[in-house]
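Sharing a structure with you now.
When the chains are written out, they are named A, B and C in that same order, and each has its own residue count from 1.
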Amino acid sequence: MTGHTDWRALVAVAMVLLIAPAIPGIATKTKSVLTGRRGAPVLQGYRDLAKLVRKGRVYSDVSTWVFRAGPVVVVASLVLALLMLPLDGRSAPLHFAGDVVAFAGALALGRFALVLSGLDTGSSFEGMGASREVTIASFAEPVLFLCFAALVLATGHLSLNGAVGPAIGAAWPRDTASLVLVALALFVLLLAENARVPVDDPATHLELTMVHEVIVLDHSGPDLALVLYGSALKLTLFAALLVCVVVPRAALRAWTAPVAVAAGVAVVAVLVGVVESAMARLRLTRVPQLIVGAGALALFGIILLLR
Amino acid sequence: MQTTAELLLLLVVLTDLAVLGSSRLRTCIRAVAAQGLLLGLLPVALASRYTVHVVALSAGTVVVKAVVLPLFLLWAIREAAVRREVEPLVGYIASLLLGAAAVAAGFAIATRLPVPDVAEPVLVPVALATVMIGLIVLTTRRKALTQVVGYLMLENGIYLFGLTQTESVPFLLEVGVLLDIFAGVFIMGIVVFHINREFDSLDSSHLTELRD
Amino acid sequence: MRLIVLWLVPAIAALATGLVPSPRVTRWRVAVLVGAAALHLGVTVSLWSSPGESALNGWLGDDPLGLLVLTLVSTLFFVAATYTVGYLRRATPRGGRVFVSGLLGFLAATTLVALSQHLALLWVGLEATTFTVAPLIFHRHDRRSLEAVWKYLVISSVGIALALLGIFFLATAQHGVPGNPLILGDLLAHAGELQPMWLRAAFLFLLVGFGTKMGLAPMHTWKPDTYGEAPALVGGLMAGGLTSCAFLGVARITEVTMRAGLGPFVQPLLIAFGLVSLATAAVFILGQGDLKRLLAYSSVEHMGLLVLGLGLGGVGAYGTVLHLINNGLAKGWLFLVAGNVVLATGTSAASGTRGLIRTLPASGILLVMGLFAVTGSPPFGPFLSEFTILRAAVGGGHVWVAAIMLFLLAAIFVGMAVLVLGMALGEPATDAPAERESAWLLAGPIALAGLVLLLGLYIPAPLQRALAHAATALGGGAP
């Protein structure tokens, strides 16, 4: 961990935190437009949050502090992960050798807290959602590590600060194919981790088919606001990671780099919307197939690098 | 990844993985058709200058591997009213992992073999990987038509390896190779059609009457 | 010129019989078949008096080994053609266009294999045999023959595909070596300069690929089904001719690898495949209940003996070449007789068939004689060649190989004798008087039996020379 942190990097983080609620809105809007509807306004996410914060909380008798702590830990862990991304293309606010593992660990912590808070309600619906979430994650996490391994091999940096920061620009002309494969795999991961089509349909509210939404059925008021903000932030985080891989920003000016990231994140959200309007949700048994396919892509990328 | 040829070879591997991971017969056939197209473009991408030989080989490959055979297979599906699922003996995930292992093995073997002055270093590993993945599809899928798809991939892999030998194996033989493959799959297709008429199913596991 | 005639004649005849539609009975087609076969045999015999031709820039040639295989195929085919005359009168369904055309196409393809000095051309010929034979196996158009042809196509297509990869590996091994690519003579002349790693890979793939077409265990699984379901004369042509051509492919690559000094790598592999084939055949022959499937496993056994002899080297190579001829002729003989049995009884299953010697005297006696010939009993040819291979094993210090081989041969003899003698001897199920058999159906097997007997007693000098030459080329020598 370094004491020397550029304050502009913190500004970039703050900006991402700020735009996060709009990102799922962009995806939804894209989907609506593509399917011939008007759709909710892009900024609806902020209104929902504002409304929920003003409401009261309801807790069931059987739930404990685990249930209450869940949403807070989710958001905190995501912010922690976000701090490790070199958004301005120079340095991340938080970086050390091997922080790729910490990044994945932060994501896992958030998931763990969410799953526990779902299980804590004692409801079988939440339990089902939790088990699905963990099933998908158990496939997705190794793929994330494969992607990171490819990035580390391509750039020679053990830290995200280097791997998706300045060094990625030099790696692109050299290992184009591998990085394209990694980007593809990351995009599939983004869909899987954020419960988007074709892994899960965020628009549905049928408990039997949902993954993510069903875990948070019991949350209400500010808690639900935190959960919603957390899921928006997670989507934004993955999109930002993808943008960091695809767009080398080292050459950009200090202020334009975060703006480029923000614009890139918006583009990714549009892509998510396009996928959602073009594909149907997969059967749950097919989901691992998709994620392992992404893993095979990342593995192939690694093979090309090791050659 | 500097050259077009490398990009094409990369896409060949992706079509390999697509066949392994897809559960729909049509998707498999489309992936093999795409692979045929890539294979047809490769001689042009690899050639230093465009001779009649190269262009003819390329055109012939595209016509046979990317158009005729896939259409024939799709026709067989329609005609025989085959159900859409692939019905693997080994699951899709295991197949994909096997496929990734095959790709790794292809690269590992190719680095150990003394490859004499080939234009494209990725060519040999991709060829070996495609051969292995073809064999995997051939042995782990139950339907007769999927086995034909596997056989086509096997032949595609061999064709890829043959591209390292375009100077030493003359044109005549390449035509012979293409024609033979064509004839083989054609007859196999017809047989498949007969199987369907006799058994009302394209499941080759029904073909178990002859045994000791 | 003669070499081109040799494969153009059957090829054109195949096209003619296949393309010209004729509503009439198959008489003219059979006439074309027999005529082409006779012409082919005539030209082949003329090659013995003045050999040494080559055509198409040296892509075709008649070296001793190729000429031996060609003569074997041509003889067998001529016999099978005369047999077809009688067969098509009796068989149901009657064969027509496809049957005769397929047979002639088979002859063209096998001729190409036997004559080609270019290994890729050899491969093309072998691949072509697969497709010409497939409609012949499917002759009866029923469920069982469908299953047989499906297995045959899938397994041998994969085998032949792997062989093609082997050919490409061989071409890679030849990179930067002087001489024309894949021409046998040039490969042999510069064998020492071939890249050994690729040459090994090529040998492995070609052994497995062509071995599949030969029916070596464990790639033999198509064989019993195919031979069991195909018409007997097709089975005879395949077991006698096609497998010999596939063996020629294995022999060619063995020639090259031995010359390159890779004997220590090649020989154990060949011996292993040989013994595994013998063992597999023995296991499945014991307790076998169907005559044609029995012959199929016997074919697996003899293919095993061929590669075993090749692997043992020395006089073993001579024994192998001699055995190639003996086995081809004997298999033709037995399959044609089995065809007579099927024509008369309607089945090749052993259960229920008794006393063939009484109901079908000629075929019954030929069957029993064939049993002794094919299991290597004196005075027939296979005894001589199997004994030579055994001698090579003992002489080369492979005493264990010799012991295992003897044991397995004995087991195979017992298994075959139980089934064949059970069918030939005993009381017939019906009291029907002995059937008069068609001369067309008997002439062929009798001629082949005569040849096999002759080869057991006396080997003509030109043949002896050709055998010795071929054995030398395969890294061995005449005893």
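Everything that follows uses one rule, which is that a residue touches a chain if its C-beta (ideal position, glycine included) is under 8 Å from a C-beta of that chain, and two chains touch if they have at least 3 such contacts.
Just so you know, these numbers come straight off a predicted model, no measurement behind them.
Shared touching chains for subunit B and subunit C?
For subunit B paired with subunit C, there are no chains in contact with each.
Would you identify the chain whose C-alpha centroid lies closest to the centroid of all protein C-alpha atoms displayed?
Checking distances from each chain centre to the full centroid gives B.
Most contacts: which chain pair?
B-C
Suppose each chain is reduced to the average of its Cα coordinates; what separation in Å results between subunit B and subunit C?
About 31 Å, centre to centre.
Give, as an integer number of Å, the spacing between the C-alpha centres of subunit C and subunit A.
Spacing between the chain centres: roughly 66 Å.
If you average the CA atoms of subunit A and of subunit B, how many Å lie between those two points?
37
Going by the contact rule set out above, which residues of subunit A touch subunit B in the complex?
175-178, 286, 288-289, 292-293, 295-297, 299-300, 303-304, 306-307
Considering the complex alone, what residue numbers of subunit C touch subunit B?
Residue positions touching the partner: 120-121, 124, 127-128, 130-131, 134, 138, 141, 143-144, 146-151, 153-154, 157-158, 161, 164-165, 168-169, 171-172, 174-176, 181-182, 195, 197-198, 201, 224-225, 228-229, 284, 288, 293.
Would you pull the subunit B residues touching subunit C in the complex into a rising list?
Within the complex, subunit B contacts subunit C at residues 113-117, 131, 135, 138, 144, 147, 151, 154-155, 157-158, 161-162, 164-165, 168-169, 173, 176-177, 180, 183-184, 187-188, 191, 194-195, 198-199, 204, 207-210, 212.
Applying the document's contact rule, which stretches of subunit B touch subunit A when the two form their complex?
Touch list, subunit B to subunit A: 1, 6-7, 10, 13-14, 17, 21, 23, 92-93, 96-97, 99-100, 103-104, 107, 111, 121-122, 125.
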